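Per-chain residue numbering starts at 1, and chain names A, B, C and D are given in the order in which the chains are listed.
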Amino acid sequence: MTSFVSDCLKKYSVSIIGASGYSGAELTRLLLRHSNVELKKLYAFSQVGNCVSDLYPALGCDKAYQLYSGETESDIYFLALPHGEALQLVPSLVQAGKIVIDLSGDFRLKNPEEHKEFYKQAKSPEAFMTYGMPELFREEIMREKAISNPGCYASSIILGVAPLFLGTESSIKVRAINCTSTSGISGAGRSNKTELSFSEMSENIRAYKVGVHQHTPEIMQALGTSTKTPSFDFTFTPMIGSLVRGIYSILNIQLDSPAEEEQIMKLYHNFYKHAPFIRVRDTMTEIKHVVYTNFCDIHIARVTESGSLLIVSALDNLLKGAAGQAVQNMNIILGLDEKTGLI
Amino acid sequence: MTSFVSDCLKKYSVSIIGASGYSGAELTRLLLRHSNVELKKLYAFSQVGNCVSDLYPALGCDKAYQLYSGETESDIYFLALPHGEALQLVPSLVQAGKIVIDLSGDFRLKNPEEHKEFYKQAKSPEAFMTYGMPELFREEIMREKAISNPGCYASSIILGVAPLFLGTESSIKVRAINCTSTSGISGAGRSNKTELSFSEMSENIRAYKVGVHQHTPEIMQALGTSTKTPSFDFTFTPMIGSLVRGIYSILNIQLDSPAEEEQIMKLYHNFYKHAPFIRVRDTMTEIKHVVYTNFCDIHIARVTESGSLLIVSALDNLLKGAAGQAVQNMNIILGLDEKTGLI
Amino acid sequence: MTSFVSDCLKKYSVSIIGASGYSGAELTRLLLRHSNVELKKLYAFSQVGNCVSDLYPALGCDKAYQLYSGETESDIYFLALPHGEALQLVPSLVQAGKIVIDLSGDFRLKNPEEHKEFYKQAKSPEAFMTYGMPELFREEIMREKAISNPGCYASSIILGVAPLFLGTESSIKVRAINCTSTSGISGAGRSNKTELSFSEMSENIRAYKVGVHQHTPEIMQALGTSTKTPSFDFTFTPMIGSLVRGIYSILNIQLDSPAEEEQIMKLYHNFYKHAPFIRVRDTMTEIKHVVYTNFCDIHIARVTESGSLLIVSALDNLLKGAAGQAVQNMNIILGLDEKTGLI
Amino acid sequence: MTSFVSDCLKKYSVSIIGASGYSGAELTRLLLRHSNVELKKLYAFSQVGNCVSDLYPALGCDKAYQLYSGETESDIYFLALPHGEALQLVPSLVQAGKIVIDLSGDFRLKNPEEHKEFYKQAKSPEAFMTYGMPELFREEIMREKAISNPGCYASSIILGVAPLFLGTESSIKVRAINCTSTSGISGAGRSNKTELSFSEMSENIRAYKVGVHQHTPEIMQALGTSTKTPSFDFTFTPMIGSLVRGIYSILNIQLDSPAEEEQIMKLYHNFYKHAPFIRVRDTMTEIKHVVYTNFCDIHIARVTESGSLLIVSALDNLLKGAAGQAVQNMNIILGLDEKTGLI
C-alpha cells in the first residue's frame, strides 16, 4: 500500500498483553497487516528482551517483547494471557476507557459458581464482559468497549448449534447434544509438556477432560441455559489429534420431534445470512477448508426421521477460535467492516 | 529359534489371496513370524511378478506375488480382497475342506437385504460365515473352519459396547449409541486417490459416509439386532485423520436407567476376563497405546446420574481391526494359544 | 480497505492459466488480496465447470474454472501448467503485448540441448524468457514483460550461493557444491500417485532423481556456467519428506581458498541488502520460519579453515519457490513496491 | 510358543538400567520377546514406582521401574542412560563379570581429548569398550563381554561408507565425505523441550550442531582415523524432521580417483555378504523401508566419472541405531544366531 493511502486512514493504536503465545502471535500477524490499526507494544512476561523474530520469524516483525506494568497509552488492548491473569489487569484498562478484548476465560461466565467449578478460581459477579461472538451478539458487541472473546471449542460448538436455539423456528426444541471435537495441539499453547512432544503426539489421538472441560458452561450460557439447570442433555468430549491447527466438531443432536432436512437447512441459512465468516456448506467440510482463515464451516450431514441431526463444524482454533474472532470483535466495536484484515 | 525347535512343531501351510494391500502385508508379516505355520503362496492379481520386497521392503521377504487360479494345496487360506471378490472364491475353498478366513465384508451379514443396501451387491442367504470376533463368539469359532473376519470400525465399536448387551447385567438396557470414530488412512487401502494424498490429508480431518457406513449392519447384527428393526438408536460417524494406523472410537451411550460406575466397570472386567487382547483401562487410552499391537483398549471415561456412558475404545485398524484378529481366529481354529504370534 | 481507497487505485486485470494446481491456488489467493490487480479468469482444463470453492474452500472464492481458448483480454497472464504446455501458449500472449509470467520450466533454459536432456522435449533457441529471480536480475526484469519464473529447488539453492558467484568478493572462487534439499510434497502437485499418498509418505523420507533433477541446469545457468562445461562440481540430491510445504537446502560448498567467516557474512549481507525477502540470519533457520511467507532465509552455519562453507537456506516452495516470487516479479514489472500483496 | 519349548532353552537373565527412555522402551520390547533371555529388572531413576504400562502401554508389560543401587544379580546389563552416567556404573558391572552393553557415548572414544571436546567431560584412557558394530568388528565383539553400542547417526554413516575404507579394494581412497542426515525426533529422547513439541516440529525441519555433533569422532575412529589428524575431509550436518523414527543419510563422497559403478557395487555386496541386517539395494531406499526393523538399507545412487559417489543409507534410529543393534551385539556375545529376536 502506498504511504498516501496509509495517511488518509485513521489508525488506532493497539497493544497486546501476553503476545508470545500462539494466540498472541496470530494477533500480532493480523494486527500488523490491519489497515486501520498500528501495533504499538507487545507485552510478554516470559520473553522480555526477546524479539518477535526470535520466536516467530515467519511474522517478519522486529519488535521486542516488553514487561507490562500498567500502561494505558494505546487505544485498544488485547489480552492473551493464561486463565486467571486477566482478572487483575482488565479493570484498570476498562476504567481508563480503553477498548479491551480478553481472550481468556476470566470474564466469560456470568455465574461465579460455574466459574469456580470449572476454573478453580473465585471471582466476583461483576467479572463478566459481553461474550464476543458476533454471529449471536453483534448488537451487544457494537455497544460495548470491553469484550470477552469466546473459547475455541466453544466457538466451534455454539456456531454449529445456535440456529436450533436462537433461530426463528419456534417448533424446534433440542433434547440432547453429544459433541466430539478434535483440536489441533496448538490449542494447548506453546508447551513444554512431554505428553505434547512430537514423539508422543505424531499419529496419535487422545481424549481428555471428558465431561468436565471448562468450555462447557460458556456453551450452555451462550445457548440460554446453564450447567446447573440445563434445558437439554449435553456431553462434550474434547480430543487432541495429530495436527497443529483446527477444531473439528461432530455434533449429534436429538430434537424433541422430527424435522425436515429442508427446514433445518433453511433455518441455518437464514440465521447466518449476514454472517460473512459462517459458511453453511452442502458438502462435507474438512479442517483443510478452514485453517489459516477466519471461516467457520458448518455442514448438516444428516437429518433422520427420528429427529436426530448430525452436524459437522470446522474452524481454525487460533483464528475464528481465538485471534481472528478477536479482531472481528475489534472491527465491530470500531464500526469498521467486520471482515477488515481478515480476508 | 533353533532348527531343533522348529522341527518339533507341526507347521500348517498358509496362503494369502489378496496379499499386496495393507491388510495382506500385515498378514504376511505376522504369518512369516508365526511359529506354527509356513507361509506358502502370496496371491495378488495386480502385482504378479513383483516381490514383497518391492512393495514392502520392511517385511524382509523375497517371495513373489502370484496369480490365484483355484489352487487348494495349502491348509489355510486368508482372503484380503476388495469387497465382492471373495464371494466367488470362498465356496470352492470351503468345499475343499480348507480353513478359510475372509477379511472382506462379503460373508459378514446374514441378511441379504442389508448386504444389498450397504454393499450394493446381491448375495444368497447362504453367503454367511461365523463372525470371527473371538471375545464374543469364541465357542462358535472353535467349531468352524470358515470365518468371516470383522471390519475395523466394527471391531472397535462392538468391543466397546458388547458387555452392555451380552454381559451378565440383565438390568442394563441400551437406548442409544452415538459413535464417532477416527481412523488411520491405511483403512482406505493402498490408494491412488487425490483426496488421500499426503498434501491433502496432512494435518487434516474429514468425516464421510455419515450414517451410511457399511460396518453399521454388522455392528447391529453382532449386538443381536438389525438396522431394519433396531432395538436402540444408533448413529455412526466415521472420520479419517492425519494418521496412518489406528481407530479411536468415542462411544456416547444412553441407558434406559442410570447405572453406577462401579457396576459398569465390573461388568466390563468380567466380560473380558478371559480375553487376552482386551484391556479395560482405568486411565484414558490413546492411539499410541495400541498401534503395532493386537490390543483393543477400552476406557470407561464417564458414567452420569442420568444414565449416560462415555466409553473410549482404541485399536490398530490393521491388526485387531484386520490381520491380527484374523490370525487370532486362525489360532483358535487350530487349537493353539490365542496369542501365538501376536505378542 | 474502504471502497474509496480501492477506487483511487489503478487495477490491472489478471488471469491464471492452469489455476487448479497448488501453485495456481496460491496465485489465486495472493492475487485476490493484491491491492493493484483484479483477478479476472481462472483457466483449468481438468476442472472446467468446478468452482475454486469446490477444490480450495479455504480461498473463499466462488469463481468457476474455465477452458482457455486463446483469450487475451487481461493485462497480465500467469501460467502454472505442467511442463511443456506453456511452450504453445506463451508466444501469442507475448505477441498480444501481455505481461506474461510462466511458472513452468519451458522458457527457463537458454540452451535447447540442456532443455532436451532434462525435459525430454525439443525447443527452439528463442524459447527463452528472462529468469525471474529479482535478487539476481531485478534490472532485467524491470525492462521485460515476459518472465520465466524460477523452479522451487532452484530458488532455494541459487539464493543460498549466489553471493559467492555474483557478489563483490573477487577473491572467492567456488570449487564444488554439494546440495541436499528436502521438499514438501506439494512440490509434486495435486497428485493421485500411490507413492505420494498419506499412508506412504507420513513419517517417511525419499530421495529421487539424484544428479538428474531438471532444476540442475537452471541453477548452473543462473550462476553463470552450464552443466556441459561447469566451472565447479555440482551435486544435487532432492528429497521429499513428511511435510506439505517448504524447501530446506543444506549447501556444502568448497572454496578454492579459505575465507573468513566475517568476510562471508559481509558478502551475503551486502549482496542482499536491497532484497526485502532475503533474510541472512545469525541463527539456524527452519521450515517453520518461512512457510506461508515469501521469505527465503539463509544461515551461514559454518566456515572452516580448509575453505568449506555450510549454508542452510529455507523457503516456501509454493511462495518464494513459485507463486510468491511470480507476484514479486509482477510487482517489479508494474513498477510497484516489490512487497505489495506479499507481506 | 508352548511352555515345553520354553523349558528346553537356556534363558539368560537380563536387566536394563535406564529403561524408561525411548531406547530403554525398545530394549524392553525386544527382550520381552527374545527366546533366550528373561527380562528381570527395569531400572529408571525418574520413574521409580511407575509401571511400564503407565508409560508405554503398547509394550503390554506390567513390570515396575526400580531404583538401581548396585545390583549384579542378572547375567546381562544394558545401560541406556544419559551421557555421563554410565561412566560411574559400568566398572563395577564389568568387575562382577557381567555382560555389559552400554548405549551411551561414554565408552565409545579411545581418545580422552576427543571425548572431552565433544562430550564436555573428562574421562580416563581406560574408559573405552569395544565398539559394537557387528558388521565391522564382529570378531572383537565375540571375544568381549563389555561393549559400547554405537550412536544412531554414527551407525547410519559408518555403515554407508565402511566398504570404501575397510573393504578389499585397495585402489579406492576417500578424499572427502559430506554427510547430511535427517533423524526422527525420538533421537532426542522423551523430551519436554518446547522446541520439540508437536506444534513446533510438525511439518518442520531443523538442522543443528552443524560440524560439532558428538558422533563425529566415533565415525572417524571407526573408519581408522580421527578428528585431530583426519585422513579425509568430513562434514556432517544433522537435522531433525517431521517424523518420530528413522535416520536417512545422504552421503556425498569424493574419491581420489574415479571408480566404476560396478566396482563399487561389488565392493559393497562383498563387504556385507555375511551381514544379515545390511541390505545393499538396487533401488532407492526410504525411511518406510526400515522403521520397526533392524535393517540398514544402503543404496549407491550415483557414481560419476569425476570420482564422486552418492550413497543413501536408512535405518531405524531406535533399532539398528540403538536397541536393535544392542540386542544384535548380545546375540553375538552369547554365541546365538545374530538375528535372534530381531526378525
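The rule is short, and it goes like this: a contact is a pair of C-beta atoms (placed from the backbone, for glycine too) under 8 Å apart; a residue touches a chain by one contact, two chains touch by 3 or more.
Please read all numbers here as calculations on a predicted model, not as lab measurements.
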* **Chain of greatest Cα-centre distance to chain C** => B
* More contacts between chains, A-B or B-C -> A-B
* Asked: So, what's the distance in Å between the C-alpha centres of chain D and chain B?
  -> 36
* Asked: Taking each chain's centre as its mean C-alpha position, how far apart are chain A and chain B in Å?
  -> 39
* Chain centre separation (chain B, chain C; CA means) in Å -> 47
* Asked: Among the residues of chain B, which are close enough to touch at least two other chains?
  -> 184, 200, 202-203, 242-244, 288, 291
* Under the touch definition given earlier, write down the residues of chain C that touch chain B in their complex. => 22, 184-186, 188, 190-194, 196-203, 242-244
* Which part of chain C faces chain D closely enough to touch in the complex? -> 176, 178, 180, 182, 184, 200, 203-208, 210-211, 233, 235, 237, 239, 241-246, 248, 250, 252, 254, 284, 286-288, 291, 301-302, 304, 306, 308, 310, 312, 314
* To do: Spell out the residues on chain B that touch chain D in their complex, using ranges where they run on.
  => 1-2, 5, 8-9, 33, 35, 57-58, 60, 202-203, 279, 281, 285, 288-293, 295, 297, 337, 340, 343
